[in-house]
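One chain, chain A, appears in both complexes that follow, with chain B as partner in the first and chain C in the second.
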Partner chain A sequence: MPAEQELLKIIGLKKYFGGLKAVDNVDLSVKRGETMGLIGPNGAGKTTFFNMVCGAYTPTAGKILLNGEEIQGLPAHAVARKGIARTFQITRVFKDMTVEDNLLAAFALRRAPGLWASLGRSHTKRNREEAMTYLERVDIAAFAKQKAGDLSLGYMRRLEIARALALEPILLMLDEPCAGLSKDATVDFMELVGKLKSLGTTIMLVEHNMGVATALCDRMTVLSYGVKIAEGTPQEVQSNPVVIDAYLGEAEEAG
Partner chain B sequence: MYEQVVAINVGLAMLLAMSLNIITGFAGQPTLGHAAFYGIGAYTSALLTAKAGWPFFLALPAAGAMAALVGVLLGLFSVRVREDFLAVTTIGINFVVVAIFQYVQLFGASLGLAVPKPEFLGVRFGNTEILGLLILLNALVYLFMRHLPNSWLGLALGGVRNDEEAAASLGYNADHYKVFAFTIGTFIAGMTGSVYAHFMGFISSTDFAFPVSIGVLSMAVLGGLGSVTGPLIGALILTLAPEVFRFVSDYRMLVYGGLLVLMMRFQPQGLVGDDSYLQRLWTKIRGRREEGKANAG
Partner chain C sequence: MFFQQIVNGIVVGSVYALTAMGATLVYGIMRILDISNAGAYALGAYISFFFLLQTGNPLVAVVMGVALTAVFGFIVQKFLYAPLMDKSPNVALIAGIGLFIFLQDFLRLVGGPQARELNFGAMLPSVRLPGLGLTLYGTWFLILGATAVLLLVLWYLLNRSTVGLAWRATAQDLETAKAMGINTNRVVAFNFILGYGFAAVAGILVGILYNSIYPMMGDVPAYKMLAVIVLGGLGNPLGTVLAALVIGMAETLIGGYVGFFLPRDAIAFVVLILILLWRPQGLLGRRRVS
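And then the complex of A and B:
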């Protein structure tokens, strides 16, 4: 694989919480335009891994390269400025603000970086029209004037994705985007991600649900107890006995 | 003139309530010691004019700058503490600042400080001129407040107020915006203190004690934290009430405290805040009027 195709390259990433090895020596790379799934049973270290890439956690060791530039250990806002946008497992929309304002808040990074520029007017016709195009892309334009906190969970997820897309990121990171969604909302959501994929968005997806991950991902990395146990296309991963063991083990424990 | 003095008190209260609203209403940082910055502005202006011979119109922005300087320090501190601890910290700051005014000779200690009446282009400032200046300052700050919800800063503060982690994911350095809100809010409070000092002609430490902070907070809460016009309405009501009703003047703290409890329980968004009873009523009336027009047309 030629190096220039690799948008994100992660080498030997570790996160220890005291004696607990939440993520241990994981390598991973994401190519431009692909959807990479990060899957594994509960407690496998997926979210810890995700949070290190987004800057929420500082890794104990290892490198995270975005376009060849080291970004490990940067604070979350700096990671966002490097072009990584994320959503949260438990949605974090700005509840007391309107849907439109939630979206406009994501434009500041491009339109008004810095404190002095922040004194400028944000609600210009141009910005509001552009905000509507993002809301239309996720089919929530009709709720533009509503309080974001009044939306249903599925629509909050959409708003969060629209907000992330409005950053015009080079990498979109989704943390269990289907958790808590109804079956219909999950199907809608998978359609939306399919649409984003067809537009060439590079996506990293953390997913617990094997079915959702198989349908959306070009490649998958499987974690179990903080260690990478498999990597490959969904077909390869699904037929890998080590992966089946890890998931079956979980089913047995749960049963 | 009595009416002028009342109007000046209203003008001062409005500036304080609006400045607190930037920090607590928009940025969501609870502060219970706003009077400290009002006092820092007043004492700065008093010393600069009385002891250093500065003209009032230089001392006025300098008073704002001095308050903002301390405000930045508090802002930097606020970045490190959770909201409830910040509230307690600001109470402490209020008491420390008042104690410094009360015990340090430079600040006149318990005797207080005499403040010269300002002069500008040969005109000695009486109450009429002070009132004019307050109207100008209120107009400027109000225009800023009106602009805030439609500005990038308003969106940034909204993000920080709602969810710092989500704001960071959009590229906002939450710490910078918090400190910025403290800077602007305390700057305005400092300038207001300067106007107060020169209006009164005499200041002492108790003018800026903790109950004054609670008074300002009550005004902002009554009108509506985070709303543009709310703090103005709250300041107007709570400044006029003691003038109109004798009992409010006698039991001022009881009224402030009672109002805070009642508002938090029944109308936390304030009288004219988002989705308050009054705002809903207003929308209804306007809707009916437009319906009427549509029917007529």
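And then the complex of A and C:
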């Protein structure tokens, strides 16, 4: 594939915690506009991998290239400013702030770099109007003045997405966005992700649930015990015997 | 007499609010009780005293006292607290107490053990209102005015400015704030600069009010500040203001009218215990469900 299509390229990424090889020598690339799924059984190293890309963890070795620029080891806030926005597996909205303020926190500071500018007003008309456009995009504009902590879990997830979109990311990273959602909320949420895809957003999705991942992803990478065991379209991956073994093994252990 | 006591209570409460505000800000973000903030309170007063001796200009003295103490706050955060953040909060608490003791002894060695006069008060006129039986001292106007202005500025900064948005985001969830592109290290540094600046203002104003500063002047504020912070709901700036006024008023009125078998400084803690029995989360604290 031509190099310019690759938005994110990861080469030989490793994270060791003492003797534990949580992620070992994983390569991965995400093309512009595609939705890449990162799947695997529990404890496969998905979240560790995810956290390295977001700057929450420093890799033991390896390279992470965003648009050809090395970003591994940068602090999380710097990675966010490079254009990688994330959501968390356990929803982490700012619960004591209003829905609107959650949004403003995502872009007001970027608008006002430097000390003097950051002492200026955060709730300008322009900022508030822009916050509303993001809230409208995920259909929660009606709750703008509510405390974020009072929203239902499904709406908190939407708020998290809106907040991530407000960073104007070039890559949106979702960590198990459907975990804990009801069936209806999951369907709604998948619709939302479909809408984002159609707008051209590049997405990396960590997902434990094979059904959700299959429905949303263009391609998938499968991790097991920290190692990449397969990559391809959902159909290719699902019929891959190595992948079936990894998931079946988990089912047996669980049973 | 009654009005005199009320105004007096508000003045005392204002001073407590300023004194506890620095530590409230630090607690709000770092979740550590910063006892050394009471050391900054004395340090600010002494720096101000030094510049008053050198220049004779009260404005220069106040500005330098606040500015240098704020810089000191930045240094404390960078070299004392930042390296301890991944340890238990008790470690930071003990380090803060250590710094507090160090600061007191440092001031005693440099400035001498005796009390000094921070003599701005005489420059301010008093107003007598015989009809109400009220004397309004110039220092009171200074304290009430400074407190009102500073609290309004703080309210604006925390609730309406961009840096305040970053402050609130960082206070609620450091990791998520980082994921939003907020440089949380800078927010924390800003927090300490502001917190120690507030402590310095409080120390200077108290020095002016009683026309006296001494190395141990941070002792009583150190524990009374804890009472105010806990009563206010731990790390809630508005709660701190409310709690400070409640305690200031209680001390003045109970001490002035009822009389009390314990020392005046004990009243704060009796009030604290009574209110916590009623509201364990503090006046404006959120009930934590674990």
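Here is the rule we go by: the second predicted complex is superposed on the first by the 252 of 255 C-alpha atoms of A that agree within 3 Å, B and C clash if a C-alpha of one lies under 4 Å from a C-alpha of the other, contacts with A are read in each partner's own complex, and residues count from 1 in each chain.
Here, a residue touches a chain if its C-beta (ideal position, glycine included) is under 8 Å from a C-beta of that chain, and two chains touch if they have at least 3 such contacts.
Not measured: the values here are computed from a predicted model.
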> So if we stack both complexes on chain A, do chain B and chain C clash, or do they fit?
Replying inline: clash
>> With both complexes overlaid on chain A, does A:A80 touch chain B (first), chain C (second), both or neither?
In response: both
> In the superposed arrangement, which partner chain does A:A141 touch: chain B (first), chain C (second), both, or neither?
Replying inline: neither
> So, does A:S118 touch the first partner chain B, the second partner chain C, both, or neither?
Replying inline: both
>> For A:D101 in the superposed arrangement: first (chain B), second (chain C), both or neither?
In response: both
>> Taking the superposition on A as described, I'd like to know which of chain B and chain C A:I11 touches: first, second, both or neither.
In response: neither
> Touching A:A215 in the superposition: chain B (first), chain C (second), both, neither?
Replying inline: neither
>> Going by the contact definition given at the top, which residues of chain A touch chain B in one complex and chain C in the other?
In response: 54-56, 75-77, 80-81, 85-86, 88, 92-97, 101, 104-106, 108-109, 111-112, 115, 117-123, 163, 167
> For chain B, which residues are in contact with chain A within the complex?
Replying inline: 147, 150-156, 158-159, 161-163, 165-174, 176-177, 180, 226, 274
>> So in the complex, the part of chain A that touches chain B is made up of which residues?
In response: 54-56, 75-77, 80-81, 85-86, 88, 92-97, 101, 104-106, 108-109, 111-113, 115, 117-123, 163-164, 167
>> Which stretch or stretches of chain C touch chain A in the complex?
In response: 157, 160-166, 168-169, 172-173, 175-184, 286
>> For the complex, give me every residue of chain A touching chain C.
In response: 54-56, 75-77, 80-81, 85-86, 88, 92-97, 101, 104-106, 108-112, 115, 117-123, 163, 167
